[in-house]
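Below are structures written as structure tokens.
Two complexes are shown next, each including subunit A; its partner changes from subunit B in the first to subunit C in the second.
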Partner chain A sequence: MSARIRIYRALARGVVLESLRRKDLWVVAILGLLIMLTSGVLGFFGTSGLQMFIKDLGVTVLGAFATILAILTSSRVLPDEIKQRTLYPLLSRPITRLDLLVGKFIGSVLVSWIAFLMLSVMMAVALVTFKVGFEPIMLQYLLAKMMGLAVVCAVSIAFSAFMTPAAASTLSFILAFCSSMIVRALTVGYAGADDVSKWGFKALNAVIPQFSLFDLGSRAANLNWGLVPMWVIGFLFCYMVLYCSAMMSLAWLKFRKAAL
Partner chain B sequence: MEAPPIRVQDLYVRYTAKNGKSVDAVRNLSFEVQPGEIVGFLGPNGAGKSSTIKVLMGFVTELKGSAEIFGEPVGSLVAKAQTGYLPEVAMYYPFLTPMETLRLYGELQGLTGKALKTESEHLLELVGLGQAMTKQNRTLSKGMLQRVGIAQSLLGNPKLLILDEVTSGLDPVGRRELRDVLRARQAEGTTLFFSSHELSEVDMLCDRILLVNKGELIDERDMTGLKEHLRNYVLTYSGSATMLGLTDDWREEDSFKVARFPSKESLLEGISRIHQSSGAILDVVAEEGSLEDYFVEAVQAA
Partner chain C sequence: MKPAIWCGVAMVGALGIGMSTDGLRPIVNPKVRVSGLDIHDSAVSGSLLGQFRTSISAYLWVQSDLYLHNGVQMRPLTEAEIKSGHEVMNSANDGHEKLHNDVVTTVIPPKERDFRGIFGDVERATSAWKNMKNHTHNDPSQSLPLFRLMTWLDPSFIDGWTTGAMVIARDHSGLATGKAVDFLKEGLAENPESIDILTSIAYLELTRRKNINAAVSYLEKARGLGWAHRASMPVNEREAFENTYRWLALCYRDLGRRQDVITVCQEGLSLFSDDKVLPRLLDGAMKGEKGPGKASDDAKALRDDEEEEHEH
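Up next is the complex of A and B:
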């Protein structure tokens, strides 16, 4: 195994173990059970029209909880290291500051993915138990959302390198939960702008994270909609890789020379 | 010739406070540490000890001058691979156990598998945490956390140990055990560089001390020479000999005289005078000077 992979694995395992023992994921599990029960109560009535609503509710809650956990974990993963002084023995080892950032990023992503998959399994059980279909589009939804969570983590970590954890998480929440609203506002602004301003709107649109791209929840909830073409998934993957790399680079630029 | 474990030349570290004022934490600092030495880095609070150690570990990147570990720039992967470090305040992930903590640092050090497990267990036994290696760090006392820190600093058998306030939080038994561990490491060829406020530890462990104040090196001595420098000789004698010109500290009692000499040479000269005046030596006592007095006087003089 290459040295870099060993370093990332060790750092990421530390983040996941801490999160597990801090019982963050147990909170998610309890929330998952609540979702299942809610779905169960609604499914009990056996109304076919409710199927879409149940799915919609499920995927919305699923995405929201996983996003919240992703932001809360990743926005404090770096500041906590500095505040608690656990950073010093880490950086005294033969690793670079970039290694540390990447390892912590991978750890945060894994925590959010574990939470998301835990919730997803519970929701899948609930859907199947109460005879609401679990179509292949749901798998595409899960895949896209996991990529979106990686982007959420990268953005939160990058913000936390420049501001306090509270400010970083607040800004991340705004971007994550108001993404579609922000994009719509930019689209409206673009339509009414002059040629020069249009470039500004284009640049803004390119810079802000397009979280709504990763949300296939509505498509998954709608019973009549089919699978997303695979090239779309491929595009989302490329976007995730590029955006996460850009955010990590930004965090590294700030962190690489910082006096600790 | 092998590069020295630590070489610092004309080092300046300047911090800029939030109000825009600049503070020189370290000024024109130069020193070397030779292989196999135990060097104590002393100074009052705010003298620049921790800043210097942070430079040696690569935590401070904006500096003037140069600092090298085994000839490599501080903070480089090669330098860090040969260095074990104990931070001033030992904080470790609260929800990990000491065993998991060492596994984490060991893997970052490049250790893996059974070798890492064996070494971790050995080190935790060595620092007295054999019974607590599977308890979470948050349940451990300050002294036990310090032991976790000492164990992690020894991982990978580093050629250089940099220890910031090494005995902090340890009880007397722990301190003695730590001294034994560090001496054993020195016997294996490890170089030790540590800061401490515990002058008794410095006295018992060090080969040499560096004394800093306000960011500058104000004194540098080997411990043998320093102990000789601090030693006084109290001579009690009878007869007519006077010690004028040899020491200011002498007095006459009813039937004898007492003189205190700051060096062996002045003592011998005093003895010679007594013999010449046909006096008799009644008693000679060597008084060991206190490192604390030296520390306080040197800092105040600076």
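Up next is the complex of A and C:
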């Protein structure tokens, strides 16, 4: 067990170092700086009465940048190893293909979490500058968003096992930013649909990744919304574990017998 | 070779249909353009800047609506939902002018209308959601900076000016009315041909300041502009144009200008034949009735009726 943990740790560390080498996290830092500068421009108009707007803008930008980085990182961890032929020395060690997949997944999640937390700190500085208050739900927002980023990474890695990195990231972007719209369309159309379509709607709703469930931004940005009940956080955790397992299983089914 | 021939035939056919179809011309290329939008077509930089400004101001518009509802996303009901008797999440009657059309519901449906089971329950718990039947609004004055920002970014955004003014004038004080009228006049300077802004100023002059003559001057201007642009007009402007005739007829009735009431009603009915108010006013003028109330009260009542009509 401890040997396996060591393997995962080494593989995940490799993904983080690779991300640093490719300056992905530097890009995040620059984006953060841009956020601060943009906030400065907003301050030019005066922020009295705009606090909620600024907070909402903050959580939206934070979520979007973190999701973009999570997709870009995770959709290329596997294809890059194959393309650069660094996969062969890895697999020549006592590492199974499943270990490799899980290690890369953990690494991708870590990179997206580090980026998200870096952006969060910069956003917090910007918000404090404008005297925007924080409520305890902000912590729940961070926790839920981190779980959501893990699901984003799992979906992107699964796609990258079946298609090119460009196609995988494109499809992941579509799902990450449009799944809530698809779910909205399903809920609006359900009442008027026939029985067969209703069955299809339910199936699609069950399969599609429910990224919007992990976004507490609308509660965190507005006033006087209470904390989310613990059973909901528990549900989100279980959903994350189940969905990530399902995605990793899919990726493994393809990857375990793939000719390298 | 064959595909090339077919492509050529299809292109010539499409060109022929396009050139012979003139039904879309007044919409795509109206004779009278909304002046604020001209800049978008006049130069590449103007067009790009226009797109940016329009997008940002539309985003701010959505944000101001979200702010009023404390983050709860609302949407208009679909035709099918209205027909099926879907529950309307209207706003509570708090004695103020309504800030939005009330034929709305929440984007995230309530439990009894949501087929998603636990996913729906969790989304209602993680998002800003509550039952919005007879909902109240956050203090709208806090959203004023957003209206100021959106009209600064896109001065041709008429809804920003008119709704912003109603938000400013919400506390019914003389000072607030003055500020709202000033805000609208600023909008009118940017959009001198906007009927919606003119009727909004007239509404405030009539219902708040009880200044019928000032209201008439704005309404007459709106009437003239509307008549000139009657062939092609956006929906909001058309609704404002219809109100112009109603309120103008009410003002003339109070001023005792019977012949003007008749002229205005007849002209209005020639454009809005299904209007329910103008025939009543015309009938009253024909019989020489003075009317049941003051124009200011009647105009307010008409606006309330119109909003209720929207709800049903």
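Structural remarks
Here is the rule we use: the second predicted complex is superposed on the first by the 249 of 260 C-alpha atoms of A that agree within 3 Å, B and C clash if a C-alpha of one lies under 4 Å from a C-alpha of the other, contacts with A are read in each partner's own complex, and residues count from 1 in each chain.
Throughout what follows, a contact is a pair of C-beta atoms (placed from the backbone, for glycine too) under 8 Å apart; a residue touches a chain by one contact, two chains touch by 3 or more.
All figures in this text were calculated on a predicted structure; none of them were measured in a lab.
When both complexes are overlaid on subunit A, subunit B and subunit C end up sitting side by side without clashing. Once the two structures are overlaid, the count of subunit A residues touched is higher for C than for its counterpart among subunit B and subunit C. In the superposition on chain A, contact of A:188 is made with subunit C only, not with subunit B. By the touch criterion stated above, A:154 is placed in contact with neither subunit B nor subunit C.
Of the two partner chains, neither subunit B nor subunit C is touched by A:171. In the overlay built on the shared chain, the residue A:21 is in contact with subunit B alone; subunit C does not reach it.
In the overlay built on the shared chain, the residue A:240 is in contact with neither subunit B nor subunit C.
In the superposition on chain A, A:119 makes contact with neither subunit B nor subunit C. Once chain A of one complex is fitted onto chain A of the other, the partner contacts of A:138 are absent, as it touches neither subunit B nor subunit C. Put simply, the nearest alpha carbons of subunit B and subunit C end up 26 Å apart when the two models share chain A. Comparing which residues of subunit A touch subunit B with which touch subunit C, the overlap is empty.
By the touch criterion stated above, subunit A contacts subunit B in their complex at residues 3, 6-7, 9-11, 13-14, 17-18, 21-22, 84-86, 88-96, 257-260. Of all the residues in subunit A, the ones that touch subunit C in their complex are 45-46, 48-50, 52-53, 56, 144, 183-184, 187-188, 190-192, 198, 201-202, 205, 210, 212-216, 218-219, 221-225, 228-229, 232, 235-236.
Residues 60, 63, 66-67, 70-71, 73, 78, 80-81, 84, 86, 107-109, 113-116, 118-120, 122-123, 125-128, 138, 141-146, 149 of subunit C are the ones that touch subunit A when the two sit in their complex.
Note for the complex: subunit B touches subunit A at residues 15, 54, 57-62, 77-78, 80-81, 83-85, 87, 89, 91-96, 100, 103-105, 107-110, 112, 136, 149, 152-153.
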